[in-house]
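Note that the chains are named A, B, C, D, E and F in the order they appear, and that numbering of residues resets to 1 at the start of each chain.
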Amino acid sequence: MFQMIKNVLTPQEILEVRQIASRVKFVDGKATNPHSHAKNNLQMDIGQPEAQRASQIAGAAMARNETFQNFVFPKRIASPLLCRYDKEMNYGSHADSPVIPLPNGPLRSDVSGTLFIADPASYEGGELTVHLGTEVLRIKGEPGSMIVYPSTTLHEVAPVTSGQRLVFITFIESTIADPASRELLFTLNEVHALEGLKMDWQNRTRLQYVIANLHRNWMS
Amino acid sequence: MFQMIKNVLTPQEILEVRQIASRVKFVDGKATNPHSHAKNNLQMDIGQPEAQRASQIAGAAMARNETFQNFVFPKRIASPLLCRYDKEMNYGSHADSPVIPLPNGPLRSDVSGTLFIADPASYEGGELTVHLGTEVLRIKGEPGSMIVYPSTTLHEVAPVTSGQRLVFITFIESTIADPASRELLFTLNEVHALEGLKMDWQNRTRLQYVIANLHRNWMS
Amino acid sequence: MFQMIKNVLTPQEILEVRQIASRVKFVDGKATNPHSHAKNNLQMDIGQPEAQRASQIAGAAMARNETFQNFVFPKRIASPLLCRYDKEMNYGSHADSPVIPLPNGPLRSDVSGTLFIADPASYEGGELTVHLGTEVLRIKGEPGSMIVYPSTTLHEVAPVTSGQRLVFITFIESTIADPASRELLFTLNEVHALEGLKMDWQNRTRLQYVIANLHRNWMS
Amino acid sequence: MFQMIKNVLTPQEILEVRQIASRVKFVDGKATNPHSHAKNNLQMDIGQPEAQRASQIAGAAMARNETFQNFVFPKRIASPLLCRYDKEMNYGSHADSPVIPLPNGPLRSDVSGTLFIADPASYEGGELTVHLGTEVLRIKGEPGSMIVYPSTTLHEVAPVTSGQRLVFITFIESTIADPASRELLFTLNEVHALEGLKMDWQNRTRLQYVIANLHRNWMS
Amino acid sequence: MFQMIKNVLTPQEILEVRQIASRVKFVDGKATNPHSHAKNNLQMDIGQPEAQRASQIAGAAMARNETFQNFVFPKRIASPLLCRYDKEMNYGSHADSPVIPLPNGPLRSDVSGTLFIADPASYEGGELTVHLGTEVLRIKGEPGSMIVYPSTTLHEVAPVTSGQRLVFITFIESTIADPASRELLFTLNEVHALEGLKMDWQNRTRLQYVIANLHRNWMS
Amino acid sequence: MFQMIKNVLTPQEILEVRQIASRVKFVDGKATNPHSHAKNNLQMDIGQPEAQRASQIAGAAMARNETFQNFVFPKRIASPLLCRYDKEMNYGSHADSPVIPLPNGPLRSDVSGTLFIADPASYEGGELTVHLGTEVLRIKGEPGSMIVYPSTTLHEVAPVTSGQRLVFITFIESTIADPASRELLFTLNEVHALEGLKMDWQNRTRLQYVIANLHRNWMS
């Protein structure tokens, strides 16, 4: 399931990230995927202090966002990485790697996230393009919005035909590995949050009982 | 989970079953469990037409009972068998057989059921006694009531110390094999039935969506 | 996963179905979903011989279509039903029922299918609209094409704003219940079909070995 | 499954805990469940050194108890918390939270435990009351005894009608998440412990082989 | 797991099968696997009445064999087929097809079986050769013996270098799909059969309880 | 599945280990399995610095071996232990313990490994003997070779009848607990490595997509 979360970053934070992006050095995206034939983009050189500041801004924004927490059930989050697609850059169709090596041990990528920084009006092309069999989703978000979706999909970034696409990407290991279970639990929690107080308390308790046991069964 | 369902049989049907029970021949319960050391009761000789009539009454009552259907999700039901415990009879601690040979192929016993015919005031002892580790449930039902519970438990019928215990027993293969899943789905369906119309329709639809997918995932 | 399968019906068959549709009686779609608040369409009255002929044409077309068979792994297919959406008709957001009662026993709906009869240029609106969280797929097919997709999604048919939408719908129980597993097996079978003969035979055999065991593990 | 474990605490330890309970400050139970409408009891203010001493006594007693270890297969144990129910206090029907936030990361509550401190003769009411569908277990233990049971149940503490109920409660994450699997493994280990030496060694080895593989399959 | 079952056929039956084999027509094994590059053997033309008689002898022998029943938990058995490997014939490395089309619906091949007819002293080569990664099992049975093993393995029949290899092969769908579970249940049932009567009856009952619930959990 | 990995140790390392083995003290193998009736061998006393050096050599060799990594998907590896079987020593049939207590928490033994040090020509008997039902694998490796196999098997070390068997043993917790899944993933990765570059890139991407999702689904 796909969740576009609005206003993950404040306007102030978007501004700060853009300023950092204008100053830091970007390197070939193949730096972290040397064997990729599909990757044709730029990514922040993470050795720089300002680059680390950018990642921290994005990471802190996810940590405080309630919808993100409720939808993703995060266990561990890879440090968000600022990526840039200049004109004619793209990232061909690929499956995200199931295991991301991190300093504190490998992370299983359950959820992928793209946090949009550039204004969609400022660049053409560059849609996050998700292949669902023969059908296709094309996604472009407002600055500060974040799309989170299962890492299990085949997807690509369409070629940028004008302007510059600037986004953070990240990968999250969820406490609920199966995407379908994760989405059912999110939905049932929403029903409880929005309707629980209308219910007779015995039925609200029974709904909480079902939610608690589904959560227990599915988490690891 | 344990569900005592009231009024599965009508007073009329209870009467008819008692009359049949007073006329038909009962045989040693070991007839169907020759290797059992625990079984010490009597059961209707099912070759007699009246015995078959009794089984049909009980079977039809389960088929029309909504709570039974909602709780058990029955796929196949073994023909209910009338059992009698005279004074000093009992059925020692045992696990129900996982596979019941039936004419149309083996049935996996997921749910066990006892449909009470004798008045609990008319006999002493004879409680259905379920061992849940070190704790114990003792169950005695009103005439026409039926207790349905997972066939996975260790249970016994305590010795009858006076009077006569008369019950139907049956075994059911469920479309939802796992007892914990079956109970969560029953509970969520109840919440929907009792609270659905109070909800905003979008949320009611989302609850239906969760129920449909849990049902799909768990049924076979 | 979504699979648009082209040319399931021949031009001749499309013509015949349209002729039948112009003659048979349609009834309120609530006939088969009396409690639905969302359903606002018409469906063929299936008692008529010509209606049965239409269903047979569609059913036979699915049975002979190789892509359909390879993608769906069908166990049982509900008889396709011709549905009509006149101007202002729609089918609001809903989850398909997990269990469809059929004469020969209940069918678990794993896969839903829409087989398009009307020319998409002949009506406006009426898109099959699938909600994937906050993102949306809108699907409209060529005459004779069929979209098959998991019954697990929340979806709707958008209001028809001009013309008439004519489609068959059907539900399929798959031998592979889990949609994600079904899609991985389909994909791996495609890789084998397209690339197998380029491989060294030992590796082709090893690929077949993996495919056979995944198929075995996932089917029921 | 329910396991009442005797003599988890020694008489000396029971005495020490009672003395601490008479001196430490208790606060409203809602301190740790601010949104609960059901909780109406008191719990030790855990900031006090004596409160921590009490928790340590209880925690050490569980760690050394062989039956506890064999039945629960503990991975992590939340620090036991001393709770007091004065006259008219109770804890209404509820499901335990599936996730308990702890300093070293969230704990999945698989098993709930109540370690009894007050003498059952010294208070009326206050039974741990577990709802198993329509049937009910009522549990009251001797001082120093501990009942452990699946956190998956709906349960309550009945109102205390006289005297004072004093217990520790705790939550345990098990290496074997599924309660039914946990109980089968406990039971098979008991059979091995009690009967293994009577067996021919080849059969004892085969039993160990089954136990080892079930344990492996079920643990995480 | 691999189980060599002795004396599935009586000497009389072996003789009868050999006589049939000397009279019936054999056809190229590719008849039932037209796309196979690996299969290089002969199989009985099943249209002949004597061929059907041979299959019936083998099928009846499996049906009455207790070890076969206890090890395989058969749901459906494909009609045994007599196969012949003359000098220089073989069946290269392959995985058995997961689905065998049968008149009464597709059969999932969980267990493969080879019932030996020729005397192993009468032919050289022709070992059933099972690849378990880099290690190899080579299996040749006495006349009337049957090896049953998971259909999940990669295996071959080594070239016959002299004499003639004559065997029945068959495929079985088990009520317990997972080979590891099937083997644990077989083993635990054996422990119960061989050691149950030495146990205290409470422990024997507990062992039966574990067996019943494992069987229930694993069967479909 | 069984994988014999060649040249895990270099000739230099084999020499160094043999020299260490000739100097360090060995103790009765029951030191770590005090209740074992089957174990009759010697193992390095691990308190000695040279013993730790030997373990480090073996551990480092596994860490750098690509086949080992690809086949085992190791999460944690128990420190390899040098074991010696002098004449008439053996280790009777047993199942490896499912849980190995280690300083940093219990390890689930998914994979067992034996790294051969002695030349197979220098001792008779001492085969690693794996029971697969009624069939048996007998394994003896070249110096520096390592056999890795599921810890789920029943196995033994046959009595040494002359010379001295010198091996390291170790136990590994895998990120992929199920041995059958682990083997399918290993095989599919091999097919990709050996055949991927021959494929059209779309199909190679689809194969990577399947591999990534199987890996994700199966790892923990």
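Here is the rule we use: a contact is a pair of C-beta atoms (placed from the backbone, for glycine too) under 8 Å apart; a residue touches a chain by one contact, two chains touch by 3 or more.
Remember, it's a predicted structure, so these values are computed and weren't measured experimentally.
The interface formed by A-B recurs in D-E: of the pairs listed in B-C, E-F or D-E, only this one shares over half of its residue-numbered contact pairs with it. Of all residue numbers that take part in the contact between chain B and chain C, under half occur on both sides, making this a different-residue interface.
Put simply, the C-alpha centre of chain D and that of chain E have 50 angstrom between them.
Centres computed as Cα averages put chain A at a distance of 40 Å from chain D. Here the CA centre of chain B is 32 Å from the CA centre of chain D.
Measuring from the averaged C-alpha position of chain C to that of chain F gives a distance of 50 Å. In chain F, the positions touching at least two other chains are 152, 180, 206, 209, 213, 217, 220. If you check each pair of chains against the touch rule, the ones that pass are A-B, A-C, A-D, A-F, B-C, B-D, B-E, C-E, C-F, D-E, D-F, E-F.
On chain D, the positions that touch chain F within their shared complex are 175, 201-202, 205-206, 208-209, 212-213, 215-217, 219-220. By the touch criterion given at the top, residues 37-38, 93-99, 106, 108-110, 151-152, 154, 177, 220 of chain A touch chain F in their complex. The touching residues of chain B, counted against chain A in their complex, run 180, 184, 187-188, 190-191, 194-195, 198-200, 203, 206-207, 209-210, 213-214, 217. Residues 1-4, 132-135, 137, 139, 147, 149, 152, 179-180, 183 of chain A are the ones that touch chain C when the two sit in their complex.
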